[in-house]
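The structures considered in this document are given below.
Look for chain A in each of the two complexes below; its partner is chain B in the first and chain C in the second.
Coming up: the complex of A and B.
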């Protein structure tokens, strides 16, 4: 690495960092926050920013698993349904005997992981394309949810979930603490473990990875299971913040998680990217939604604005895919 | 086209090639035939002109969106905005049909909107090299928003004669479908149509062989948009009014039908006859389940299972043969 001559290593590293997708996304978020905070009353207040971060935590949790799947060359379109499963499932579990509510949450998280594992099984062993497998899973879950839960909202009485949604240890909402913990774990797994290296290899070239002795099937199942788990966590957090779950509560998170991942500079084709980009990507999405709400337009214009802004941001951050 | 056209004037190679192309979908055709037989057994009324035209009417929009999805998947793309585009077509039809230009004006507006939206999506995907899945996902919000702007709540009006013509007791839908399939055959014989498979299978090799890859892909997006808004027009004629969210279910169903029909995600693999057979299977299945008294939501469960099964079974079969 010393043949580059005059420019010291840290300068080149710094230059690389300044041009990286995650950093640019952070810059965009910061710029939007500063401009909006100066021009709109109440936008820059501590309470509002904290609220936006809480909302971003839900997207960020879903995006954590989605990032792993996308880097591994797949895509998970069932995250919305899994969020709904866990938001509707916790109140429906008849476990009143357990006063703390831990058992119900653990059971739902295990269930969500199991759904992800099923996705992974289908992709790895039945060789179904990830998009089909997860779309079919989402369709299947949607049917089951309507049969089980019906059209009405279900309220929850789970102390642990309520604590997650409302508690503020050291002034920081518990949801954000959860997000930070999951983020650190995801980044650690992705960039500092052999398993993380295998995910990148799998996304870059599955055949070469398989020929190098990596068990591609186990890796595939693991990333889909991880996606199920984080979607399940997001559903529990949503339930805590909302107080009730209903069928369809998780639907927006399919697009949101994919957009957060791609806005963060992860290639949708797999093999390159980082969760460090998805974190500001999630914040950016929530910011966009908040701005659109402030504009106070009709639902039609709101939808158009949302789609156009995502498309426009993609043009900015999609440079990596252009080179491929 | 010149006289040596491969589709219009059958050469000695035509039928062997068609047999080769049918190989992948033969099993599907058998399953579809079996389902149609079950349906006809349960509902003997199917075997009359009226019953047949009613069935074709319920199948027609799905067949159109499946073609819209398949043509994009053949080029290696995907369209997640089909549902929103169907809705937009429906609301445009419902609002312009009773306007000053009447039915011809409404049909022109719907066709123009579909072609335009498709072409814009195609331009963004092809020229700006953004992934199709994200562009069309974001596009579904924009197009859905436009549908809400045109008609904020269900309403509008389709003249009764127009509804009767398209969705009355006559097999107009079946005829239209036959015409569209014929048009597809003709399109495949044009330079752009011939480029479609090449652009999907191996874009770089196709480009270096002088195939207009970009034009073929953008044209595919435009045709996809046209078919989707056309399906919207038909849905509006069926229901007699416009609904800004009526198309939502078509996105998934179109993908399901194309995949059931053996159209691959990576481009260049599959046939339109497969996609149409896939849509026929889905719509017969829905009708049979309705007839057997399943609750409507059970369709979702069955559909999810059938899609996975249909895609996975050939894989398992192939592995069994290898072992």
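Coming up: the complex of A and C.
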């Protein structure tokens, strides 16, 4: 056949895989862990690595929804506020009658999904730009949180949430198990369903997508709702690991989730990418944070370092080939 | 005889191996209104771009005052006194009328903008075109016709020796057109060379002295206008040899009416009565941008439309969404396939399967084997060769268009709506597409084909409706179909009214 037939298919597949964003991100994470593990006492210990993965799980959960939104050509700046809503909301729900705590968690998750759905409604029907819509939503939620929760931290007494933060079935923290489950679901939805294909189409060319008979509005609402749901899950997990929630607890996750998505090779312009890249992307972000903490700088400098490092990494990995 | 102010000598120009101008010569002389005529795609715009320095010719030369200029750039053109009024308005809508007119040529005094001189000269230019709006009005607030006048004033502000106007009257009211006519006559008397491009033959006949006609990038006439009638002009613009580009087909006997609308309006398309039958290819002709796109997108449910009476495949009312239209058996192939038809970064097979993804309901799983087989069979049917996992942007224009068609075939559409499907497509692919369209019709589908390519309407369609300014101005049956009849109706020449 053509000259492409000269190289066996699996060789081309392998070459493609080795050059793919997700794989390169995994390599970077592994390299950093090995170097840091050899040079810094305690960094490479099992406990520390497990702890980093637990932290990565929170970012990874937020990034799951964010990945869907970004591939669909949008962006969700309200994820930080939704994490906070969920972390502060569970303890505030007066459901002492339910001993297991399941009802409160389900109610909060439904609420978080609803917030995402509202974002989607604004983007799909009112045609508000996703950046404006979700930023406005974040600001609105912050206002509500300040009124409801005030400035003080709220402690929780929810058995389910506590279990999620502390339990270690088969020695693996429950948070990581949750992350694995959500990861598998996200990957399946994205790459194995017609709905996933619709997301890729929407992000690449919304006009052609709608003219091809895809319900663009429903797809848009669904991805924002999914982003609300995963941010809500992350909030519950945070609460479990922290023991208490406070206003602003979710703030770092806006930049972190977007950075994880882009570091993983997903195009910020939409239309292409995979959650398989956001997973090592999340781990990479946590690793950077850990390294900065070790350096023992003041909080101001830590923030400056974190921001510069993310920017530098994005410049290295995210050299997006120009298109259109 | 005097030397021409600006002239092109035997210029040729190609884009991507496609010759759009071949050895064209044109002379713009002082005190003459020179008409440039030709069908869509005949090469008029390219010729203007050469004369204004926007593009360099591949071969041939541009002469200013009789002397050839080596690197004729836009700034060179400005120095030579060439000003162009573009068809697509080049104004900045946030700036005021005055700022737009003077843009890039503000008078400078002591290194600063001389606003007094600017105001004086701007006012003079505005007075010439009859613009009496406040100069501080921002251009974005003006209606289209007034904006066109600002554009003309902008050209006059530069006190041109040669003025090129690309379809200046297409957005003007009758009154504004009259003002422009008087202005051009005055400029002619002052010794300005004017190149006037218009699709309105009556205007050309009344105003111009000399005519150059382009057909497929070559000059077919270059002469005084006196003694030529509109009929003769039209003949010179069309009439190529269709060759064996078109499939043999037999007109289908009266099929069942599948779309019927009365008083249909959508955007620019107004008050349209249309009956589309199974088994026919129904052509929609006319100059570019006369509402054909609105008609098609309105029928497809992609733009809001209204109709007194409408029946679509047994369903009453115009579809209010693309999803509804698809459910009723409609498919749409756009003119601008890169923007409306394809996902360039995605693979060929993804593009072909997308309508199927759109139809799938709920959270089901994709069947990769099925998908591969379907994509392969579609590619086979349309002779799209090579690896289907390549991004569709790797394909040539013709093959991209085939993908844009192929993606609908699994739906087995009962009604195909096509907007200029052969634009920018090579001859071989054109032939294949023509064969496909007649094939769809032969299988009982109804095909609505809007085209700016007149031969394709004549040789492929059972009937043709010609649109002008949003309305159907002529309906031509197969027996009377000719390029002359379509072009004449499209341009509003009097000889066309025998149809309708």
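Annotations
What we mean here is this: the second predicted complex is superposed on the first by the 317 of 324 C-alpha atoms of A that agree within 3 Å, B and C clash if a C-alpha of one lies under 4 Å from a C-alpha of the other, contacts with A are read in each partner's own complex, and residues count from 1 in each chain.
Quick note on the criterion: a contact is a pair of C-beta atoms (placed from the backbone, for glycine too) under 8 Å apart; a residue touches a chain by one contact, two chains touch by 3 or more.
Please read all numbers here as calculations on a predicted model, not as lab measurements.
Applying the stated clash criterion after superposition on chain A shows that chain B and chain C collide. In the overlay built on the shared chain, the residue A:197 is in contact with chain C alone; chain B does not reach it. In the superposition on chain A, contact is made by A:189 with chain C only, not with chain B.
By the touch criterion defined above, A:272 reaches chain C but does not reach chain B. After overlaying the two complexes on the shared chain, residue contacts for A:299 are found with chain B alone; chain C is out of touch.
When chain B and chain C are set side by side, the one touching more residues of chain A is B.
Contacts of A:210 after superposition on the shared chain: chain C is touched, whereas chain B is not. The single stretch of chain C with clashing C-alpha atoms against chain B, selected from 133-141, 241-249 or 331-339, is 133-141.
Put simply, chain A uses no single residue to touch chain B in one complex and chain C in the other.
Residue ranges of chain B in contact with chain A, taken from their complex: 78, 124, 128-131, 133-135, 137-149, 152, 244, 252, 255-256, 259, 265, 295, 297-305, 307-308, 311-312, 315-316. By the touch criterion given at the top, residues 2, 4, 189, 192-195, 197-198, 200-201, 204-205, 207-215, 271-272, 323-324 of chain A touch chain C in their complex. Interface of chain C with chain A (complex): residues 300, 302, 322-323, 326, 332, 334, 339-346, 350, 353-360, 363-366, 386-387, 407.
On the chain A side of its complex with chain B, the touching residues are 75, 122, 126-129, 131-133, 135-144, 146-147, 255, 258-259, 262, 268-269, 298-308, 310-311, 314-315, 318, 321-322.
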